[in-house]
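Order of writing sets the labels: A, B, C, D, E and F. Residues in every chain begin at 1.
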């Protein structure tokens, strides 16, 4: 995960966005010496993710605030469960509340959605992974939330993984040429993945010793054929039109990895509220 | 809206996140002199928002890229419609694609959702507004998207609007005292809004000359009573448990404003793809 | 007020400006283990503002420095009064001294000037407010100093308040059209102020339900007429050619608010010196 | 002077402070296609400084704005003179106006004040110089304005000049020891200045071959004695209690340099207004 | 490679370091209208790298400067060869010269050193690669220079490649456990490399299906044995005590990759001077 | 030296470069509660510099890490000596190791090289100084390391020292004119140095009262003549083609200062390793 000092930079930017020149309501009404107790309560069932972010939001405003986790990231909570107890300066609690919750609800929403996908794969070896379809500025945190929900990560960005797509293949003059050119150029520590749209392309990719073969928008039958053909000589990733209804059937074709864009691009905030106690 | 130079800072941060040290696939395979044409195609029906952001993503990577909008922000598109034509350096197109789409799909998703809420209010004077439940780092853009979808904005942050809540009232010793203290402290250019949970509190807020009275989680009958009582002496905002089913009935109680958190906290990415042509 | 972490960013920039690569005199001569006691002494009579900034300057260089305030922001001091006692690492004291004092003398200068204006309004309901004529980079601190001196704040910037001026009125085709267009576009939490130059314009603004009417460069008689006409239906702000001689007479016309540019644009540093003891 | 890219960073920070999320008045009322002509008019007599800053403020918001200088930095203007003509996008003109003027009025105020001091030294070799008593964040620009007003600069910061003061002398065990320690430690390109409070200290500083001797708060007679004693073997700087009344008499003692804190710490904004034409 | 906007940030930081508040010599002496021609001349034989960086340094100070490359990055030059012709504003040429050359000489020094290592491997399949022993702040550029000199890159940083070392193995309880734990946690796009110090460890790594096996500080005989044992089932990297004398012998053991720290940690600046013509 | 908060910014940038999104090996394998002891061991003889930087790298990742110096900056170590003992969180130790060592090895390399040059000057008054030929982004630290190795610093940058070169002299119309123009423009606290290539130029520089005269690429005889001619009326700096063989002979001509580019532009990393104990 991100270093704490880098996480702090993100959080400070978010706090500036919300607090700007101060909370003119709270600054007018709350005594600076006032101290309160509050709790985070789950208003729904799901998986929590992002508590360390949520905690840092408070600490950045006031190091004296205590934030006691009652669950850990990746754990399941039920409606009504207390997620954390928070104590300290009332002004700081009120100023940090919204930003802290905005992070926690978004990341827990991702973890909860990932969990529902991962649940469908129970008993199978197939892994559900995220994509680069993330919210600008939040990729590191969103990919962390995917893992908390039981998913795995795909490449983080364009420079730590290779995915040879249609346009790349055309430009290189074929899959073989593309793989060779890429292999000559990249660090030896990174695998090469090729996007394929037909069995013929799968065969070409295999022949050129691709490390990972992506089956893009193939039918279940095509996927089965591809998996049989590949036979363990490359990892197999299914991509395209994956949803809660289709994911298990896709997995049962024998693919190793299924990538799902909506894990991060279509998120329902997980409902959590802060209550003063 | 944000100045262009400030928008550019956000976009550069997002590009760094995705491109980091380069697109090792594209850098290995695409000739630097290669030029391509592409289009953005809507894969669903909805409202577009964020084209100026999406365009800047390309321009920041390569000023020579042409980005011709076929629709404007706030306009309705149908599945299959071409949203924009993009021409220029192939490498830059491939590197910018994901970040550009991540912005455009997220913001168009917000505009599209807002539009469905605003549609329910047709013929009524009531306005649907957003909240501070936004994605950390994206508030300015998300609030812009709400307007593109036919909604209005609530306060942007804690320093440009007053909302006196339960804890503030307790700390001040009542609604009257709270309003007076706040009024003495804030610029004369900002209105004072009070959150109320009962008709008694509405009466107190009225007596203290609140500019805006929020009815928090009240029943339809309570809201009707409150609106009658207030009788135009303050603006009235309904908040809490608003959804597509309930929003029209709430509006019909006569409230002026309805705030809806899910406009920005629960977003379905609007599906758009870039196709090389 | 600004969050501490944002204030720290400003202070660090100021310290870099003054210390750059080090204090080559002090680094050559002062033992790193040397510890000293110093005091801040007022060299004039006035109002202190900015002690928390002045203190942070020291703490940022050396967290071990003790800074004991003998007065608080907003309090009156006389020539010779001790404002603060400062103890700690001698090198850090010497390096921070100038930057710490530059802040404190400038902000106390603003508070002291504001106080002389506020004094003239004793017994009247009229408030003296600042403007956007501030020193680039110091607006938040300067507006804070105005409040410490007994003044109030006008809008902080162009996005948290509306002021419809001559050019806006022309572009919109009249005051009524301008107010309606603005009202449709801005958050419902912000008031609308209109600048007027004649009684006719005041009437138009009233008719269009402006929240605040600014009387720009009007004579005392015109102002009295305007106040009578408005009769409490909008707040009234006087602006233009306000000085220590004129402010009380202007206030006695019955206006609610008088804005004074020189509070922040023409500042006499309040004389304070640091003495080692 | 500062590089343009560094100046731009300062200006962008100032624009963010004033424009933040947009000019909600102008954005509501001015057509994006509207174009206007405006002029900057001097409302007083004085010396202009900072036109390049003022111009960049407009250009950063909209590169298409034309800014035609009718005078140059350092030139004298009279009340009513046109300082610059500005043409371009109306919205950008309105948004940039305040920040552009805030810089120009502050810097021209410094140049104008410096000019009145420099005028008193006409016919003498003595130079008036600034100090480190500058506004936090504006030192480079303020020192530039001093030069435009006919003054010279003292050291910019603690790392590009040596000034050995009372506490340094005590810590080193005397002026001689202090000078030797400093000389051994600093680059050979930097001169050594010593603050003296008596003729005895002047003698010590001379003996230790100080490059510059500051006479701190000495009487006119003491200064004359010191100048005679030093007799060209070191540059002589007078400091303390310098004002428009005293400066010529101080200069006539024969000192080379007189430093004046109020050039930058007590500034009257030079009155300039933007008028649409 | 880095995006241009990110490169520009690095260059601006370097220019600030050298120019700070201006070039007081050049600003005093060179007419702002003066224009000059200059050339970069090689003072030694070697490989050039970093011309695009060197060019941007000039352009950032003055976009009007022309920089005509006479060779490209990665090309060999001889003493006396002209590397580039530079024309434009004399002040900007003088201010940018040092920073531009500091980059170019350092990066060309790395390329030249890498070339001498790569030369020793002529005719063999073995590749010479860099390490993480780079100059803080310059890693992206230094790794680029290694490629220009005919080398390849190892992982860029700790998050885009796996290298399981001694301490990791101990903590995990053996190579097998370590590989399995890592594999379960990382993206499927990244290979796993294990550092081994004995044939036994090589066998364990093979059994656990490591993608890359590093032979750390092994003798030539041990390396040969390891290569035979591995027999193409994993890539083999040699590391430790590699120098110009030993590299070919190491390569002849059959290893695929040899990593050499001194490519980037011990650099002789390649001598280039700018001459006005 | 740099303030700690500015140093921290450099270190954080370096850590981001190396750790980016985390150490995927360590994060997978090391228990967060694991604690270790390690030592820094010299693998060669030399002078240590940069321990405070190296220590901050660890502290920034984890404030709880103890870093006990066994030697101080500027002290000589022998192969096998323990330089520091480091205790704390194992993950943080592993993540910080490379960045911490990259700084320490580079800076100790500079100190060690400077020491070998300074050794040659034993018994002479001549000082060896650095140049502006530093690594972009590291100048402050590299110049500090030169001092730790027994050298002195030349000007830090273009704005804190004057060096009048060939092009400046031509533009000004001679050395005399150049010196006078510069003197009129710069702060009185900075000396003026002129680069000369002949005895005639030395005479001109002397006549114009240059503070420092640089003898550029002169023969030993020319230097002797120049030193005799100058006779203490200006400081004398030798520059050009200085190496370990020539430096003592150059010094024996009587010059005061010898500047050596390779102190910072051609650095051999001083070999240090971290060993877990």
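Here is the rule we use: contacts are C-beta pairs under 8 Å (C-beta built on N, C-alpha and C of every residue); 3 or more make two chains touch, one makes a residue touch a chain.
Just so we're clear, the structure is a prediction, and the values are computed from it rather than from any experiment.
Put simply, the chain farthest from subunit F by mean CA position is B. Seen from the Cα centre of subunit A, the chain whose own Cα centre is farthest off is D. Residue numbering shows that subunit B and subunit D use the same positions for less than half of their mutual interface.
If each chain is reduced to the centroid of its CA atoms, subunit B and subunit E end up 45 Å from each other. Multi-chain contact residues, meaning those touching two or more other chains, occur in subunit C at positions 19-22, 27, 140, 156, 159-162, 186, 190. Chain contacts in this assembly follow no simple pattern; the graph is neither a line, a ring, a star nor complete.
This structure has the following touching chain pairs: A-B, A-C, A-E, A-F, B-C, B-D, B-E, C-D, C-F, D-E, D-F, E-F.
Contact residues of subunit D toward subunit E in the complex are 1-3, 5-6, 140, 156. Taken in their complex, subunit A has these residues touching subunit B: 10-11, 13-14, 17-31, 34, 36, 90, 94-95, 98-99, 101-103, 105-106, 109, 132-140, 156-165, 167-168, 171-172, 178, 181-182, 184-186, 190, 261-262, 265-269, 276. Looking at the complex, you find that subunit F touches subunit D at residues 127, 129, 152-156, 159-162, 186-191, 193, 212, 235, 237, 256-257. Partner subunit A is touched in their complex by these residues of subunit F: 12, 15-16, 19, 21-22, 27, 60-61.
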